[in-house]
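Quick heads-up: structures coming right below.
Same chain, two partners: chain A is paired with chain B first, then with chain C.
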Partner chain A sequence: MTARADAKEPLRLRLVRSARNGMTPVMLLAGPFIFLGVMIIWPLIEQVWISLTDARLTNPSAGEFVGLQNYATALSGSALPRVLLNTMVYTVGTTVIALVIGVLAAVVVNMKFAGNSVVKAILATPWAIPSVAAALIWLWMFSQSRGVINRGLEALGQDGIAWLTSEPWAMVAVIAVTAWQAVPFVMLVTLAALKSVPQETAEASRIDGAPRLGTFQWVIWPHILPTVRLLAILQVIEALRKWDIIAVLTQGGPVNSTNTLVIAIQRQAFEYQQLGMGATYAIIGITIAIVFTLAYLLLERREEKKNTR
Partner chain B sequence: MPRITFDGISKSFGDTQVLDPFDADIADGEFLVLLGPSGCGKSTLLRMIAGLTDITSGTLLFDDVPVNHADVRKRDIAFVFQSYALYPQMTVRQNIAFPLLMDRMSGWQHLPILSTLIRARLMRDERVRSQVNGLAEQLGLTAYLDRRPGALSGGQRQRVALARSLVRDPSLYLLDEPLSNLDAKLRIQMRTDIAALHREVGKTFVYVTHDQIEAMTMATKIIVMDGGKIQQIGTPDDIYDRPANTTVARFVGSPPMNLVDLSSGDQQWRQSLRRSYGDGTVVGFRPENVRIVPSGAGIMPGTVETVERTGPESIVAITLDGHADSRTYARVPNDMTPSPAERVSLDIDMSSSSFFDSVTGERTELPVTA
Partner chain C sequence: MGSAREFPYRLSAAALLTGSLALLTACGTGGEEADGEGVTLTLGNSQWLDANRGEGLWEAVSGFDHASEHSVERVEYPSGDIATTLTTELGAGEGPDVMFIQDNVFESFVDADFLEPLEDAVEGANLNNTNEGGVKDGTRYGVAWQRAPFALLYNSGLLDEAGVEVPTTPEELIESADILTEELGVQGFGDPSPLVDDGRWLQHINIWTYGHGGSWADEDGNITVDTPENIEGVEVVKDLYDAGIFSDEDLHTNRAAFAQGQVGMVDEIGGGALVASLEGGMDPQDIHVADQPTPEPGYHQQLYVVVNANSPHVEEAKEFVSWLVTEEGQEMLREASGADPLATDVPVTEEFAAENPWAEGFLEVGSHTQSTLIPGHELQTTEIMTLIMDHVQEVLVNDIPAEEALAAAQGDVDNLVGSGD
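This part shows the complex of A and B:
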């Protein structure tokens, strides 16, 4: 075919041809890349730069280059280990609780029983409530003197607990509220995966002699496992950047016991006005998130290879 | 090794009756084929035998013991699914061993983590190993034992599914269109393999298919189903030579039985046939019982439409005079084929023909006078 004939080709054929030439993919990907560049990559580079300066909130762009001094200060101080420990407890706690309860709820809701869709709708509501509103509701419920939770405890003859102002309980409270909000998402996504369990394979397991628990263990669980893994990484990343619920409930207190990375970033940058130090904390947080994501992607690739070998 | 008795078995989903009540008795060791077009209720019937679908009315008996409410796991059956239904995350070895492991594991041993450890221990068990290895050898799967189903071809997966059903040595084998996802050549080979397997294990097989060749080649007994009704129960020869009604006659055979309705049309050949066989009669004859003779010599005159060479012989499609809406097929040797548009006449072996009532479609036995 000559070049002149090309011009008369239908648009679709011309697109296919130019795709082979390598221009179309570049053009199609240009949009997302420009967007990512402006919204993510450039701010990230700037963030890295700020973390290497002593910029303050009052002069954000006039910071002096100080090299890795912020990192040295952060890593040698006593605040960061506590912040990282808090972040780990919070992340693991919310992820494990949200996954366990969410998956169990999905399995239960997936069974056939009367009022099933009503239960599903009720279980889904926490997800629909904005985080700050949800946190405010729980703030009242956790109230030491008038909160419904302590009223309940007192009715059972127990002493009330200073939920948001005493050492282990503040962390328990923020984890509980975060997990409470995450459960519906986990449940709905898991439910979708449960709906696609191949019926014949589940029936085959019954014929092969598996009890109900066996069918779950050998057919249903392996089928939904990739979804659960995806939910786990989403939940980890969500926990690593969760700010609003902690900010409303405890503001990182008491005595830093719920002070996670995100809360610490906000404090460094806006309370102590140490923009450079805030950026340093942010870079540390991003690094952790990237490590988790890479670990997840590697795991997924290994699993995918396994099933076709 | 059960004898299966269907006592007024029927099935409906809500208001929709998908299987009309019927009785049948299947002897032990029989190879029963449930044959019918898709949507005729044959898979539903198979699932009812397995206990995967409940029975609306009637009683299903294995060796005279009602099993309507017996648990699937207690029925001692194997089921080969159309989709093979292998466990994708398990190796071929683990798939085949699965029923053996289930026999040896109690309920709580299926708990996460614990179950994986117990399975690993059971997989090392000498008897499990030797049984799995023996079957793998028998079915040519030894080289694939450590692969996962995703890495196997359709035929290999099919054999894994068979091995998994064989490993527990059940007394009843249920197979739901197991060959429909295979290519033609493999299908013929597996057909022979499954028939040989049946002779070897000597257990009762129930096999669902819409492919009448599969039914004719493998079955010792066939139940022909259509529209949720049992059309005929009999041996392959019964079904082929003495179809119970025009539905069976039309479904079995390729090309199917020719049916010529004598109740209408006033051509001379019809009138003379009507005098012999009655005017409310449909004459049915197989394509191989037709001889094509020169025009004027046979009993049914017509025009050749097409000639199809199938290799060893040819299928000739003929339009009979006054019968323009349907074709009559003849199976003839290659050297005796007429050419298209040629005027011919058909000579039919009436002693091997079937006769049906033109209103009800049911088989009628007529004294053959011709």
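This part shows the complex of A and C:
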């Protein structure tokens, strides 16, 4: 429509059209905002509020405001430092193992060899098994007296290990199972990144005489690094909120050696019915997850700036 | 594609359809009670899922269908989740009409005003002492469903074959368990290790601490964790653990193994004996029960029948409780419960006692075991026992002396109780 035609249009219609055009982005964003508000922001606000009360599970809305008392109790007690240390060991352990093995597996299955698809399907299987079912299978395998792992060790002339009831083996076991389940996800996402590496660049590097390792180090790795960084932050967040595998295998024991933040939250809120203290632990966990996410975003921004220079 | 003009008509049609459905639904719901017929009561229990005996228990309570104009419908909860699930359901004003819950859950439900008083429902019933804990501040909120005392269950066939006596001390228990394993290749003692089933051991430690005269608080509610009796009990657990006689399988696996004749002895409740008896893997005549190998008796689990105060059928639910404590209700429950002490002193039948020699033993043991609730701190029992068991695990895993560990536990519990009050 021309400017002259616009001028002839009644003022009311022009205002409606203008409002509609201005409202379109608002209306498009309203859905996600409402969803985020209802499903995330409001529960988070509620969570913060509950952490400032002495609410019990039997009557969550009847808690009385106690200020920062729950935080003071949690931070001054001996339980939280142990829980945070366990969480850190578990998170770092599962993330590093999953990333190293997952990326290596992706590099291997990205090569051309007979039976490649079958290998990929087999490697992806742990990811498809529900966590609780996987943990139950491993529970039997780790059994000290009847488990297949100890039977194997005994066949090799070694003593069996109390995998789930001794330190530090219990933590080793839960890290191993969690990483075992996470490896396929890392592998598949990395594989997708590897497929997007420009073949002509890799070939040019080889023609120029670069060894295979050099091609990987100088051409392929920089290309997949952003994906690996993203996978790292996803794995960290996943490990921070992982509950099912630990709950099935060790329930946080022995002697609290696998008692991570989520297990502690569940104990406080549902076993002790101290909803206020459970919410306090949860807020501490969310804060840690946010710190990691912000660190990742800052790192990404710095990399972007470096790349655009 | 429809025009914008069609939209209001479509909206009206949808509203009309929704309204009609809502009306039909309301008519359907109301009709059940409006015509004077009985209601359907929902009964929430984890035991409905129990292997072998769950169906029997359900059949017993289904007798209410015939004895009244109402009917019953079961609501099943996995045993590990029932406390949390019911708590959240009742907190939201929902939940089954009638529930069957453990004593520690009962305490928290009374505290939260979730339960309906039951005085009028049990008026005239011959309730025995298993019902004493169902009264809080002079008001009855619960009636005993079953009391489950722990005793030493053993397979007499295996013990005879191995040539061992029924143990009467912890030392003899270790010796007998070792001989059973060495001679017959079976698990001598099939009790899950404290490190395998730490949830169960929040109560199970009491076999050994109560068994040596210990308690966690005195009658006035003063915490008594680090007493010589409790220290002795924990030292015995350490001896058993170091001897390697505990099983690293969970309760249900051990129960099944006992029923298949693969375990010599186990700390069990009457329900476990009944499961073994019904399983068919061993001769019920080989199942026997003895006192725990400790100087004093141990503990029992206690289940109560309670009525949801938020139920739309409170009066009908109370009718169910009234029927349950009648002679008819108790006899039906007795048949399905094996030998667990019930709300009234209803004996096991001669036929059942003859077929199951362990039955009378559990009735006798149940008369002198103790509750696991800590006097004066009933609501905090789980939290207190978790703190204590954390320190007991230090004794088992890290060889911390029991005296030192329980002194530390005493400090932790004092802090908790102090902050909780």
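Brief remarks follow.
In this section, the second predicted complex is superposed on the first by the 287 of 309 C-alpha atoms of A that agree within 3 Å, B and C clash if a C-alpha of one lies under 4 Å from a C-alpha of the other, contacts with A are read in each partner's own complex, and residues count from 1 in each chain.
Just so we're on the same page, a residue touches a chain if its C-beta (ideal position, glycine included) is under 8 Å from a C-beta of that chain, and two chains touch if they have at least 3 such contacts.
Bear in mind that the values here come from a model prediction, so they are computed numbers and not experimental data.
In the three-chain model built by superposing on chain A, chain B fits alongside chain C with no clash. Remark: in the superposition on chain A the angle formed at chain A by the CA centres of chain B and chain C amounts to 150 degrees, rounded in steps of 10.
By the touch criterion defined above, A:P126 lies against neither chain B nor chain C after alignment on the C-alpha atoms of chain A.
Applying the stated contact rule after C-alpha superposition, one finds that A:T165 touches chain C and leaves chain B untouched.
Legend: residue contacts after superposition of the two complexes on their common chain; A:W221 is shown touching chain B, with no touch to chain C. Applying the stated contact rule after C-alpha superposition, one finds that A:K306 touches chain B and leaves chain C untouched. When the shared chain is aligned, chain B comes close enough to touch A:P198, but chain C does not. Taken over all C-alpha pairs, chain B and chain C come no nearer than 41 Å in the superposed arrangement.
Overlap of the chain B and chain C contact sets on chain A: empty, with no shared residue. Chain A meets chain B in the complex at residues 198, 200-201, 203-211, 213-214, 216-219, 221-222, 306-309.
Interface residues of chain C facing chain A in the complex, by the touch rule stated above, are 84, 87-88, 90-91, 108-109, 111-112, 114, 193, 195-196, 198-199, 247-249, 380, 382-383, 386, 390, 393-394, 396-398, 419.
Residues 56-60, 73, 143-146, 162, 164-167, 251, 253-256, 267, 270-274 of chain A touch chain C in their complex.
Of all residues in chain B, those touching chain A in their complex are 50, 52, 72-73, 77-79, 81-83, 85-90, 98-99, 102-103, 105, 107-108, 110-112, 115, 147-148, 150-151, 164, 168.
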